[in-house]
Amino acid sequence: MIPRYSRPDMVAIWSPETKFRIWFEIEAHAGDAMADLGSIPRENADAVWKAKDATFDIRRIDEIEAVTKHDVIAFLTHLSEIVGADAARFVHQGMTSSDVLDTTLNVQLTRAADILIADMEGLLAALRRRAFEHRTTLRIGRSHGIHAEPTTMGLTFARFYAEMDRNLRRLRTAREEVATGALSGAVGTFANIDPRVEEHVCAKLGLRPEPISTQVIPRDRHAAFFAALAVTASGIENVATEIRHMQRTEVLEAEEYFSPGQKGSSAMPHKRNPVLTENLTGLARLVRMAVIPALENVTLWHERDISHSSVERGIAPDATITLDFALARLTQVVDQLLIYPDRMRENLDRYRGLVMSQRVLLALTQAGISREDAYAMVQRNAMKVWEQDADFRTELLADPDVGAALGEDGIAAAFDLDQHTRHVDTIFARVFGEA
Amino acid sequence: MIPRYSRPDMVAIWSPETKFRIWFEIEAHAGDAMADLGSIPRENADAVWKAKDATFDIRRIDEIEAVTKHDVIAFLTHLSEIVGADAARFVHQGMTSSDVLDTTLNVQLTRAADILIADMEGLLAALRRRAFEHRTTLRIGRSHGIHAEPTTMGLTFARFYAEMDRNLRRLRTAREEVATGALSGAVGTFANIDPRVEEHVCAKLGLRPEPISTQVIPRDRHAAFFAALAVTASGIENVATEIRHMQRTEVLEAEEYFSPGQKGSSAMPHKRNPVLTENLTGLARLVRMAVIPALENVTLWHERDISHSSVERGIAPDATITLDFALARLTQVVDQLLIYPDRMRENLDRYRGLVMSQRVLLALTQAGISREDAYAMVQRNAMKVWEQDADFRTELLADPDVGAALGEDGIAAAFDLDQHTRHVDTIFARVFGEA
Amino acid sequence: MIPRYSRPDMVAIWSPETKFRIWFEIEAHAGDAMADLGSIPRENADAVWKAKDATFDIRRIDEIEAVTKHDVIAFLTHLSEIVGADAARFVHQGMTSSDVLDTTLNVQLTRAADILIADMEGLLAALRRRAFEHRTTLRIGRSHGIHAEPTTMGLTFARFYAEMDRNLRRLRTAREEVATGALSGAVGTFANIDPRVEEHVCAKLGLRPEPISTQVIPRDRHAAFFAALAVTASGIENVATEIRHMQRTEVLEAEEYFSPGQKGSSAMPHKRNPVLTENLTGLARLVRMAVIPALENVTLWHERDISHSSVERGIAPDATITLDFALARLTQVVDQLLIYPDRMRENLDRYRGLVMSQRVLLALTQAGISREDAYAMVQRNAMKVWEQDADFRTELLADPDVGAALGEDGIAAAFDLDQHTRHVDTIFARVFGEA
Amino acid sequence: MIPRYSRPDMVAIWSPETKFRIWFEIEAHAGDAMADLGSIPRENADAVWKAKDATFDIRRIDEIEAVTKHDVIAFLTHLSEIVGADAARFVHQGMTSSDVLDTTLNVQLTRAADILIADMEGLLAALRRRAFEHRTTLRIGRSHGIHAEPTTMGLTFARFYAEMDRNLRRLRTAREEVATGALSGAVGTFANIDPRVEEHVCAKLGLRPEPISTQVIPRDRHAAFFAALAVTASGIENVATEIRHMQRTEVLEAEEYFSPGQKGSSAMPHKRNPVLTENLTGLARLVRMAVIPALENVTLWHERDISHSSVERGIAPDATITLDFALARLTQVVDQLLIYPDRMRENLDRYRGLVMSQRVLLALTQAGISREDAYAMVQRNAMKVWEQDADFRTELLADPDVGAALGEDGIAAAFDLDQHTRHVDTIFARVFGEA
């Protein structure tokens, strides 16, 4: 966790306090179920709930762990200090530490997913708003970084919306992946614990019972979880890169927000750096790097080895905290992005109509000119624009062959920018379900 | 593609023949749609279908590409050689090369996914069969590579079944992810092509229209696709590793199949190496490595750059071909795996009952002995087993404190192996929907 | 291997013909050493050399392998068909297959490294030439994509030269890493082969004996090898990205070469796409992806397992072939890059002197003005440039406070572009060892 | 950073205190150099050193940063609070923030490398000691997890020593890679700072001047650095995996240390889990995952973008802290490893001499028997061992053909275990430079 790239709600999920609280709930709910099944006395089960509002003393637990070298035993000892040894007598009966640890991890991951899902909904709202705002704001579309044909800024936001909407779906699937719990004993056979205890605890914690576990919950679930985060992070990089490009000095179609009073980072007013989106590019790498160790964690020896554990102590908090921060930062960037339609129009016109050449070509062939001849006609005029800084439309109007084929109206039609926006409604309807 | 790790059906998907066939279909279906919309003459659209049964001459296309430096133009030129220049006149009208290339890639990926899904169904059948076959075949469960408590070989297969069933779901989702097509023109605005052409072509090819594309179909879809393959590959490594462990000389609970006549790789009959599962471990790495470049491909400059293309020329065939091969190989390994129940029982009994110590401990505490005392009682007897090779049950029976607490029946109950299998039916019902 | 991204010399290294040739040499040289040591008859050793100029029949070897399921045995059988069973009698004595396979792999990797090293020397020559050519060609330096201060195009090439020179060193180190061979028997103890045989064979093949091997040569060497390739590939991406940025429509300071006759990919003369460098960006990802499986290959079970083998069948040819192609392609791009000094100057002047504001600021503080006052003075003039399109120098000259502090000469000095090039010689001397 | 996998010295390198201390030193040394060059007054340079023993107030710096949004400016403001505004007047003159930040990062990385190098030397000492201790302790060598031929435990340690010795070399090279500093101004042209200032500061900090920098030090250096750490981490996983295998219940040739009083983690004395080496397996993944983002960091836009920065805030401390901890943990594990020679011998003899079959085969062929006949003779006896639990040597002695070929002495020679250890001295001499 890098403090400056962290937000408190997500950080809280990974605090020792939260962890011990979930451990307690698992043990207490398990006690209830065991009492219901008659495996332990009801009064012992009830007595454990005395700790419901207690604050667990992290320092004391650490102290006990230093002796026992076992975190779950340390916690149980501390719990017994709170509720009394007699009440605690049946706590954890028939369970194995991993029952607590793995179920807790999945509670934390689902809560983390809930935050990420909410973050994503916020980002979608911002993207949607900007898409509709700039629905028909013309902008040159570029392939290979080279001007191609006109598009609109709204379409740019709409495609990011569509991508993030897919990422929302992936995050939801990821949440489902890890929303399972297991209380199945040392090797997953329920030798000393009834499967109904697992069912009860899972129901209380909002999880599904893991259909079959060993000592642990299978790690393909977590691999899929981190993969979904990695795809989402890559989407963030995609948006961030677009904004970085827009803000380049020579392009300057948009800028990350700066307040009116704010004058840039130095004496140079043009020196407003897209540091937020550059930062997001890096954060995306940090989230993505979790995917390989998460995949390597899938393979465990027999009913479990503990190689996955240290990995998860790192990537589970780090990837979720970083992604949460990144989504929030991107939402703010999108929300406040300064957009410069005039500059977009300037860029669009920079090559004096040349970006319309494809449409002229198409019009000529549709007018019955062979493809080869049409090419030649377009090209001889285009070259004048390119080499002599002429205006493309003017040159075409002056070219007798083009004139003969298309007429003034035909040429005008090819330059009609509306051609490029006439399907925006269709696309918006596809993306937003409305136009 | 590594020939020895390839199967013909999957290889065929990635052949130039298949690619050109799909290109043709896209162009021909697009022509139909345009004719229906009145954008081009019906007879031209019809005439293109003359090439329906033609064989495209790869060598000739390469020859043209060497001149034009453009693969799609080379193909279209060749197509026009087949159907005639006049018929071909409106082919590709208003389209951009990526409309063909990207839609084709997704056709290939969905077909590849279909094969992988079928492979997985085969693997599931094998795992299921072996699970039911060895449903109650006792085996020592191990955590950290150390004997823990008994489990069954059927549960081992059942958990791999459950994992692979999740992978089947992931593969199906992955297929959905990439089952889209786009014919939206140079920057995705449909400036020169009607969206209904896209709809028609996609319907014919079994794809959904991409709601919003630029020049290309967004690459988050492909990243999610390869991520699903990577998780699946890790599952293969998981199963393979289990089998490699089982086949270790000292464990020898199972072996990859060898025919009765076959005598091992050398003069040493014990030297039967788990080379297939070792190989699968490596193949899993090969599939997994596609995930990072696929994630890096998500970010493109503006309406597209072509950095993703060379990556996909590598990973799309390689990852699907390798995973197909690996799934088939694993299915065969599972299907034919030689399983040695006697040896499993021998291993289980190796420490003369010690693996029952947890149950004895639990029985003692349930009989009212404090946890500390129970520990001491178990441990003093366990140590005799460990240090003097005694029999655990015999020692317990001879220990007056244990006898007083549990009685002969109580001790017998703790050693009852049925305890470890009594929930197998429950678990099987969860996993297989039946018991 | 992707044929279109492959060059024949590197491909040849990975052909079956080359592999069998090296296998033969290892066996024949080993025979010589054994004969010298008196372990086998000299005439048998000599007789094997009869195959020196023979062509090994791949089809025949495959045929035998189909029966024996063992590639080395298949080859040895075929060899014995060529030299006669009697001559072949002592071939491979005391050796294990891995002795041949691993030593061969390292011969191939060192040869591949030799090609990569030569490629890199070619790239360095091109970078050096362009650096000196444009040593003082002014260009705006950019941080965050935003204009900062002037630099020169020569410095841009010089820094790529310096990076690639480091990569050359890394490739040389990588070559050293894998330039070892091993003929040490089944578990590396030389139980049935004399270490002097290993020494002789390695000397003949240009390798060092692996100080300690098991059945295999340790894989940390190969991991380090592929890591060096990955760093080099990232350097290629770095250069490629710079060129892609330069070629952007709005920047256009350079372009990938197109011949005078060539008119771009379409009717639009401005539509010259940086497809080669975009392609290199993707190829870099393909090379880089080998690093993770190569690292995962380091861990083998006991004296070896064969999980690494399938991985290496993929990444060893693929990563070396792709990197070779990429280095050659980049060399050509650099060599032929069209560079537009006028446009660079235009871009530099785009903000009418604003990029000099940092120097003006410094001059003011050096003239004794407090930092705060200096800022205010610079900023009020800079804002006029930014908002009213004024000329920065003119404004400064008109500002009485600035005039009082710096005088006309002082202002001129701040705008002296030579300030930005005066240390170019020093830097060139550092980089090229000469200026 | 995961606290439980952290050691204080390495953590201290990455503390804000250390960072600000280095920032201070860079500024103060730069002042000295500027004064020497006459660019600033000597007394100002001297006055800055007043802060030499000052404690920088992190909270205060954070407070200023909250306003200025700039970490370096916040520090400089605080410095000026300490030494006085007048003394501070020329601090940082002509420098850019990255001059301070990048040079500091490299100071931290070289210091981190120094710790890692010392760690590695400690690990090598432990491996060397255990290698010599068990130089001739017999152990069965295994390929594919299957018994092959005898080797020694000393050779196992020796090969890990050799691998780690290569990793030591790699760490030293990695240190050299990043031991550079840069004070070259906004785009690396030294426009406002003399190159001699950079030389002076670097010399004082134990760095080399970066031959050519932009605003930043090139990131290929850091990529190579993290790659070296990743290879080293994989070596740790390699050793850890061997130990995990040794400790498996069925193998039990070694165990991680437990004190005599310690009785294992539960009532089961055999349940001693190799948790330290399992943990190391996971830690290796955490270190390794830094390699991909480090490679992705190599490409920056023009003279720099800041995408690398957030990545480095994560991976620089995390990878070095985790690797330091892992090396120390592994050293302790190796140092204290409990090794069981009797059990090794038991495992070696498990198949009653079968592991000698390769030597018998070789002896027969050397005695003039054809390979086919020799195979048949070995195999018929080997099968009796395998199927009827016979003793291999006894069977061979009773086989008249074998007897005729080898005689009793010949058979004895084939079973002579010394054959497998006779080259240990040679190998030790190669590895340790002595025997």
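Note that the chains take the letters A, B, C and D in the order they are written out, and that residue 1 is the start of every chain.
Please note the rule applied: a residue touches a chain if its C-beta (ideal position, glycine included) is under 8 Å from a C-beta of that chain, and two chains touch if they have at least 3 such contacts.
What you are looking at is a predicted structure, and each value in this text was computed from that prediction instead of being measured.
**Q** Return the chains shared as contacts by chain C and chain D, ordered by label.
**A** For chain C paired with chain D, the chains in contact with each are A, B, in label order.
**Q** Where are there more C-beta contacts: A-B or B-D?
**A** A-B
**Q** Between chain B and chain D, what's the gap in Å when you average each chain's C-alpha atoms?
**A** 33
**Q** From the mean C-alpha coordinate of chain A to that of chain B, what's the distance rounded to whole Å?
**A** So the centre of chain A lies 25 Å away from the centre of chain B.
**Q** Please list all residues of chain D that touch 2 or more other chains.
**A** Residues 142-145, 148, 244-245, 273, 275, 278, 288, 292, 296, 301, 305-306, 358 of chain D touch two or more partner chains.
**Q** Using the touch definition up top, name the residues of chain B that touch chain C in the complex.
**A** Touching chain C from chain B are residues 2, 4-5, 70, 244, 265, 273, 275, 278-279, 281-283, 285-286, 288-290, 292-293, 296-297, 301, 305-311, 313-315, 318, 322.
**Q** What part of chain B is in contact with chain D in the complex they form?
**A** Residues 142-148, 244-245, 247-251, 263, 266-275, 278, 292, 296, 347, 350-351, 354-355, 357-358, 360-361, 375, 378-379, 382-383, 385-387 of chain B touch chain D in their complex.
**Q** Tell me, which parts of chain C touch chain D in their complex?
**A** Listed in rising order, the residues of chain C that touch chain D are 89, 93-94, 141-145, 148-152, 155, 158-159, 162-163, 166-167, 170, 173, 177, 185-192, 195, 209, 211-215, 218, 220-221, 223-224, 227-228, 230-231, 233-235, 237-238, 241-242, 245, 288, 291-292, 295-296, 298-306, 358-359, 362, 365, 371, 419-424, 426-427, 430-431.
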